[in-house]
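Note that chain A is present in both complexes that follow, paired respectively with chain B and with chain C.
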Partner chain A sequence: MYEIVAFYLFSALTIGLFLITVLSKNVLYAMTSLAAGMVLISGFFFILGADFLGVVQLIVYVGAIMALYSFAMMFFDATRDIKEKNTNNTLVFLLGGLSALVLVLMFAAPIYSDTIVALYPMTEGVGNAQDVGMVLFTKYLIPFEVAAVMLLVAMIAGIILAGKKMDESLTEDMSADDEIMIVKDDK
Partner chain B sequence: MIGLSHYLIVSAILFSIGLVGVLRRRNLLMLFFATEVMLNAVNIAFAAISHYYNDLTGQMFAFFIIAIAASEVAVGLGILIVLYKKYGSLDLDDLASMRG
Partner chain C sequence: MGETVVDLLPEVTWVGVLIKAVLILAIISALAGFGTFIERKVLAFMQRRLGPMHVGPYGLLQIAADGIKLFTKEDIIPQNANKFIFKIAPVITAATAFIALSAVPVFPDFTIPEFIPVLGGVFVPSIASDLNIGILFVLGMMAAGLYGPLLAGMSQANKWGIIGAARTAVQFLSYEVVTGLSILAPIMLVGSLSFVDFNNYQHDEGVWMMFYQPVAFVLFLIAGFAETNRTPFDLLEHEAEVVSGYATEYSGMRWGMFFIGEYANMITISVIASIVFMGGYNPETMLFGFSIGWLLIMLKIAFFFFLMLWVRASWPHIRPDQLMWLCWKVLMPLALINILITALVVMV
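Here is the complex of A and B:
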């Protein structure tokens, strides 16, 4: 009973909040509703018994990604309304709905066949986090390591791209020469 | 009782909302928000299928999608900051340098 109420409440709220995200003119409103919608999506994960995924969603999406967005928003003019010229809105809505429907049908069609067997079935009597750990560190170890390298690359790229004096310090190495001069003077 | 199709329908609605956002938005930051909406919709579908088929593979894929979203945001926001420094605007129509 609670599950049904929670599901319909969460889905209605999530759809409303994401509609605000997509349709709002103000960046601040869009970002706040996106963060709230992500919190509610972690509620979906808790209903579905994917506890660890829900916690990761809260930590990574709401904690890290939204913090990153709010920091990036300080670089841009966030309080001003965004002026966008939108031509032919109904066509866009129609095209978006239709292509999303086609995509979902394409990916959902194999699910309804009877040939699907569980590849890594959930272990009985083991918590979700432990179960995820057992599968992730045995069967998915190489993708896990590759994801770690990808996150490292993304971190370095973010630091280099958003670094402040990018055009000076990356091309010319003036500061290094100055330091060498100072060391020589001291001696 | 809630079936798998309920979750898939919610996921499809959220995905189409995100797709409409990607098609409609002209501001690059708002476009990033719309892609986040789409990624979250796919995650719901993965978690639901993982629950109803008693299989952990869906949750694994959802983890990797979250990792990809995190790195996408890190690199993308860096690029946005560089673009904003160069052009002073994030509007896609202003950024079009090749007049096609």
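Here is the complex of A and C:
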């Protein structure tokens, strides 16, 4: 009973919040509703009894969206609405419609399949975190390691990209001044 | 329906949870107010001053005066601010701080003594909700609390606020890794994420975790200071640099909520440190035939609270780039090495 009430509550709230994310022209509203929606999704994990995944969802997305915020802070004035540059309405409609269709098909497909069974049911007597660990380090070890290597590659690339000229001062760098001057001239 | 209120109380009946939630709210809010007084007094004594002395005996009623001031101050919302976000930002800070407290045990489970009317003889588990992933939940909730300063800074159309918000993001991304990694080593030893298991583990071993994991203890404390914006890392609202940072445009109770949240977080960090690293509550610690586990953990929590004030009086605060340098280049490698060694020891 409580589960059903909670499920519908969380569903309605999540869909509503993500709608705001998509439809709002204010970057602050969009980001905030995105963060709140991600936090509410963890509620579904809690309803399903997957406490560990729920908390992981919470921690990961709180951090990830915090990083997105910092980008928003750099590029937009958070208190104003953003004028979107929309050159081709048909293209937007087609691409949006197609991706929505693909998503619906992807998630609706299992309904028509009879072969869906839980491959790795919960092991009796161990906690949530241990259960995730068991599957992750036996069946899914290779994808796990590949993901780790990918993250390492991304991290090294990030350090190399950001690390250029790190020992030089930005304010004393004349080339930076030149770039600023060029932009001014254009205006 | 022959049940009385008393029958509903034990374990996780909704009445029990409700009572505990109200108790947490009331007690921690009051303690947060009292904390400001203690902070001013302790800082004053460390700087050879007297601190607040005029209102009431020994300045004790200063809390009431401050409370009246906070509640009656005009509530100002800047004209160009994003009003909705501006209004909910303080609530996020305060609410997440209290939600985090719902999963930490402060006392051992106890039975209300028989001589108390109505409630006598009821068994009370002290924790409001004993999640089996308690530590992660508390840390995640405290992390979510930083959305308060972030949104506050971004919504108020004030340059100091934006700087405060940017510093919030920087601080969050820096310390979060250290908090997680430092507490991972004790988790590996205990093999559980539940606070109660931590308490019992130290009870069984007879040794505080801080002697097994001194590095993790120090790292966690440092990250905890960053998490609660305490002084060596109070970049978000350092008056001398960014006026008041994210709180520049706030007044009255909205400003007050940020501070209730901050002090509640200080208490939470103190509780986590006491339970995970300093033995927590041990119901079988006896003194003159009385169980004094509850008293000891109060003393431990008070000590950590005092430590935060002590550090504030002793050290100047550091620059944002120094914080990043410290977290990423010093503390994170140390935490990783600590985990590696712990893993080897656990494995062998």
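FYI, the second predicted complex is superposed on the first by the 118 of 187 C-alpha atoms of A that agree within 3 Å, B and C clash if a C-alpha of one lies under 4 Å from a C-alpha of the other, contacts with A are read in each partner's own complex, and residues count from 1 in each chain.
As a working rule, contacts are C-beta pairs under 8 Å (C-beta built on N, C-alpha and C of every residue); 3 or more make two chains touch, one makes a residue touch a chain.
Predicted model, so just to flag it, every value in this text is computed and none were measured.
Judged by the touch definition given at the top, the superposed model places A:Ile20 against neither chain B nor chain C. Once chain A of one complex is fitted onto chain A of the other, the partner contacts of A:Gly127 are limited to chain C, with no touch recorded for chain B. Which of chain B and chain C touches more residues of chain A: that partner is B.
By the touch criterion defined above, A:Leu119 lies against chain B but remains apart from chain C after alignment on the C-alpha atoms of chain A. In the superposed model, A:Tyr69 makes contact with both chain B and chain C. Across the two superposed structures, the residue set of chain A contacted by chain B and also by chain C is 52, 56, 69, 72-73. Those residues of chain A that touch chain C in the shared complex are 26, 28-29, 32, 35, 39, 51-52, 55-56, 58-59, 62-63, 66-67, 69-70, 72-73, 78-79, 127-129. Across the complex, chain A is touched by residues 1-2, 4, 6-8, 10-27, 29-30, 32-34, 36-37, 40, 43-45, 47-51, 53-57, 59-60, 62-64, 66-75, 77-82, 84, 90-91, 93 of chain B. Residues 3-4, 7, 11, 14-15, 18-19, 21-23, 27, 30-31, 34, 37-38, 41, 44-45, 48-50, 52-53, 56-57, 60-61, 64-65, 68-69, 72-73, 75-76, 82, 84-86, 89, 92-93, 95-97, 99-101, 103-104, 107-108, 111, 116, 118-122, 131-132, 135-136, 140, 143, 147, 150-151, 153-155, 157-162, 166 of chain A touch chain B in their complex. Listing the residues of chain C that touch chain A in their complex gives 80-82, 84-85, 131-133, 136-137, 139-141, 143-144, 146-147, 150-151, 154-155, 157, 162, 165-166, 169-170, 172-173, 176, 180, 192-193.
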